[in-house]
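Each of the next two complexes has subunit A plus one other chain: subunit B in the first, subunit C in the second.
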Partner chain A sequence: MKKTIWGRVYFGLVLLILYLPIFYLIYFSFSSGSSMDHFRHFTWEHYQTLFADKRLLAILLETIMLALLSSLAATVLGTFGAIAIQRSKEAYRKILLSFNNILIVSPDVIIGASFLILFTALGFSLGFASVLLSHIAFSVPIVVLMVLPKLKEMDNSLIDAAQDLGANNYQVFSQVLLPALTPGILSGFFMALTYSLDDFAVTFFVTGNGFTTLSVEIYSRARQGIDLEVNALSTIIFFFVLLLVGVYYFLTKRQGKKANKLGGLLR
Partner chain B sequence: MEIIKLDHITKQYDDGFVALKDINLELESGKFYSLLGPSGSGKTTILRIIAGFTEASAGKVYFDGQDITNLDASKRHINTVFQNYALFPHLNVYENVAFALKLRRRPESEIREKVKDALHTVRLDGYANREISELSGGQQQRVAIARAIINEPKVLLLDECLSALDKRLRKEMQFELRAIQKKLGITFIFVTHDQEEALAMSDEIFVLNDGEIQQSGSPVDIYDEPVNDFVARFIGDSNILSGRMIRDFAVEFAGKDFECADAGITPGEKVEVVLRPEDLDITAPAAGKLMVTVQSQLFMGDHFKIKAIGQDGFEWLIHSTNGVQIGQEVGIFFDPEDIHVMRLGETEEEFDARLETYEGED
Partner chain C sequence: MKKNRLLFLLPYLLWIGLFVIAPLVLILGYSLTDAHSHLTLQNFAAFFSGGTFLRMMANSFWYALLITFFCLLVSYPAALALTRLKNQQFWLMLIILPTWINLLLKAYAFIGIFSRSGMVNQFLGLFGIGPVGIMFTDFAFIFVATYIEIPFMVMPIYNSLKEIDPALLSASSDLGASFWQTFRYVIWPLSWPGVESGIQAIFIPSLSLFMLTRLIGGNRVITLGTAVEEYFLTTMNWNMGATIGVILIALMLIVMLLTSRKQHKKEIEL
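Presenting the complex of A and B:
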């Protein structure tokens, strides 16, 4: 397709509109005063209060830890789940896959509410553990969905070949299956990470008194009027996520080279 | 010495499809065997059952006299070269070839030595550090062979492994495979649908169709004395005519009586007659045994493929080193030994038994 000037203008406009609120937020994180009606003068003040706010920083760290733990667990579960789905019989596979997809499609509110009901019915106290479990639960289907295509495109004779050369089941998994699935597993992990980091609805239902995540905390603070400290935090998170995306891009690019090799082999 | 024996092997899939019907075969060690048949004939299924990737529905597999029917593929002293090579894309040439030895935790010095030897056998010295994606199809093929022979298997299975190569390379690899087999002195079982490949390389060929062995024997036997019209049609080009046996060593077809080299068939029985196109010589109309009219001609480089219509309307295929005029009337000449008579529905055992009754008389 020919790239026209109007195409570029349109694309630029869309990007601008999408990023404008974020840049607006970042811009005012450097403004003195406590409101975003107009920019007064440049200051690090909000960053200073942020770094003095031990409670918010603790929540930030806990949120990141929660995201890492839940996505790690979900990646392991999801990878094995995808392998199990792929190995099951045709008709059964479709049913399993549908159950997997329902969890992705259904609204967070419903999932959050149902977890709340489940935990209270079981007498499970709400807190870090309940949030972690629900984050793992909604991340697993995402990982399954990312790993499954890699399983499908893998040449099954590779497994035969490994067995033929004397590999037992564990060796087939660790030396052939895992390397072939790595790109899918990586993207599944990063997807799970972002889903966990920015989840509000599910978390809101299952956090108890003792534990809270960043999104829930900011939400409750925002009800009492936006503090520019939140802007400063958002700016930091924005650049942190930018870094994450950069790392992901770098990793997939490297994997992409290997994937191309695979493509070359099959051709 | 017998190395592999399949005893009444059948394979039926869950959906009811019968891939193999009562396969019995015995393979001697140190020979080059081919399983030849069209796709869906069951040849790859036999290979997978020998390798241990597929379980037979009934029957037993013996390796070196031992029952290995239920032995895991990873524990069999048999290795496989796969159709698409199945090289591990995340490993380089050295790591691919060393895979089996690394699994068995052999010392590094031994691995290095053996990988070097294996790569030398397949004439890939100096390629150890290449990535798989940097290799051509023929080179990948060689790596796959090196990887499969590193464990020093007694039997090497090759699954249509030349079919992905271009024609020139395929011819080259045929010589090379044969040379590697001779050098290693182990049994090769080669699966192919390409009759030329099977004829060129094998000590013995098993022709398969519809899950049954149609005929087994040396390439020359199978080519010269096909047991039924499937084998005759599948191996090489042939002219198959219906005819009638007159008495021993005389057969009638195309409206005439001919002397032939077959016997032991009831006089008057309906038979099929096979004449190979390269056994037919084009002569002057008067000198030929049959008269035909040339219809079309293709130049194949080293010979002409000529289509001609007989007086009874039969379409003859003739290979000739010299071209002819289209529309020309010519005679075709053949010797009694060029005529091969097939009984309808005769099995290989019956054929062999009949052959023995009169071949001694020659």
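Presenting the complex of A and C:
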């Protein structure tokens, strides 16, 4: 099987290219000096600057806060939306879904620009609140798309049965509907989290002078040239992500529904 | 139960109204007015009469096409190779993992790699090729954009390849088809839906990349996305920015219609 070997070599090469820039960043985070060309000697210096940099640490914390808050809100809204879509008539369902998908296919720049117009038109001042609202807004549709298949899979007679057995609406919702939807809701939440953490363009448009996220901060630093403090930060982010993904992989592997859910991790 | 449905529907409708319909209406409104809020088609006239804008549009389209093409070229064999590995979920995970690292950090890494004394030039130096200016070229821009989009192409292609019944492949080779024949007549057509969604996932964002053109393309590579950003945040001419935005939306719709029509045709063929 010659082909398999070549396939493996090629796949390895692609992986190498995918990881090279990341390892390049990590490697130079330990180099003294201030450029990414020759490794001088080993140092923790950039990590020390990073941990002394109160401003950057605050931005990091705010970014994580923003991501958690926005994905939580988007998950609630999106789950409600998915239930609403599922319970609508066929014709309305299609219309609602097309509206839902508009923000998914729109380029970031358009979302950012139109939200900027919206906030100005409403007289809403730019800052943490406008960024939070935008992040919620662009995360809702993906949550809907993650929850909807679970709703379709669900056996509707379960709800009838619960009602026949005397459960009120709230009990049906919290004890029948929610547990059945949990996997979809969780992947929706994860996706919303990645959307928020990864977003640059939309935030760049709707953030005023007072509030910055990590992406915007890295952008403005990178425009000024190389700053090995950013390398140190990327090393930490990389290992944090590695840990998260490891935990997630372990959990899904145990649940034995790997393929399905892994698909949900993308973007 | 009716009241109950409304409870779920209302917040969602509010979201659609406020963040989907209102922004679209507003951006369209801005594109059709001038700085004094008078209704005019002047912005569109400026776009289609000036050579700069049309060239910019052609440029964006061309770059997006190149990025999508190279992405497909790299990703398809990778996805195919992946279907023949053991522990596929693990390797797939490794492909997806880089997408969790912030986009800006990856772009930033290339500033170091492509710099005059960076890794690529050091490597070229081994062969006596003097330092080459790679940063701020079309090549650098397309390379980095392709690099970033690769996982988003591998995923859908891999998924559609996995759905092919292995019996079809055995049948094909039993009937004497070579690997290339099997690929051309069995694997490629059956994996087309994956390729299609990969193209959709990459082409549209590629039309509007703007931080890459700034960081890696060095303001030289001008795309529609860069133009929108410039008009909105630098020159503050929102009306023109909105016009370019509307044209970008129109382009996007055309791409989506084209790809969905293909899907339709294929259904008839089968």
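Things to note:
Just so we're on the same page, the second predicted complex is superposed on the first by the 245 of 267 C-alpha atoms of A that agree within 3 Å, B and C clash if a C-alpha of one lies under 4 Å from a C-alpha of the other, contacts with A are read in each partner's own complex, and residues count from 1 in each chain.
One rule holds for everything that comes next: a contact is a pair of C-beta atoms (placed from the backbone, for glycine too) under 8 Å apart; a residue touches a chain by one contact, two chains touch by 3 or more.
Predicted model, so just to flag it, every value in this text is computed and none were measured.
In the superposed pair of complexes, A:L18 makes contact with subunit C only, with no contact to subunit B. Of the two partner chains, neither subunit B nor subunit C is touched by A:M65.
Shared-chain residue A:F28: touches subunit C; no touch with subunit B. In the superposed model, A:L243 lies in contact with neither subunit B nor subunit C. Looking at the shared chain after the overlay, A:I104 reaches neither subunit B nor subunit C. Looking at the superposed arrangement, the partner reaching more residues of subunit A, out of subunit B and subunit C, is C.
Once the two complexes are laid over each other on the shared chain, residue contacts for A:D164 go to subunit B alone; subunit C is not touched. Across the two superposed structures, the residue set of subunit A contacted by subunit B and also by subunit C is 258, 262, 265-266.
On the side of subunit B, the complex with subunit A involves touching residues 51-53, 72-75, 78-80, 82-90, 99-100, 103-104, 131-133, 140, 147-148, 151. Here subunit C touches subunit A in the complex through residues 1, 4-5, 7-9, 11-13, 15-16, 18-24, 26-27, 30, 74-75, 77-78, 80-82, 84-85, 89-113, 115, 117-119, 122, 147, 150-152, 155, 159, 162, 179, 200-201, 204-205, 207-208, 210-211, 214-215, 225, 228-229, 232-233, 238, 241-242, 245, 248-249, 252, 256, going by the rule given at the top. If you check the complex, the residues on subunit A that touch subunit B are 155, 157-158, 160-168, 171, 175-176, 179-180, 258, 260-262, 264-266.
For subunit A in complex with subunit C, the touching residues are 3-4, 7-8, 10-11, 14-15, 17-22, 24-25, 28, 35-38, 77, 80-81, 83-85, 87-88, 96, 99-100, 102-103, 105-111, 113-118, 121, 137-138, 140, 169, 194, 197-198, 200-201, 204-205, 214-215, 218-219, 222-223, 225-226, 230, 234, 237-238, 241-242, 244-245, 249, 253, 258-259, 262-263, 265-267.
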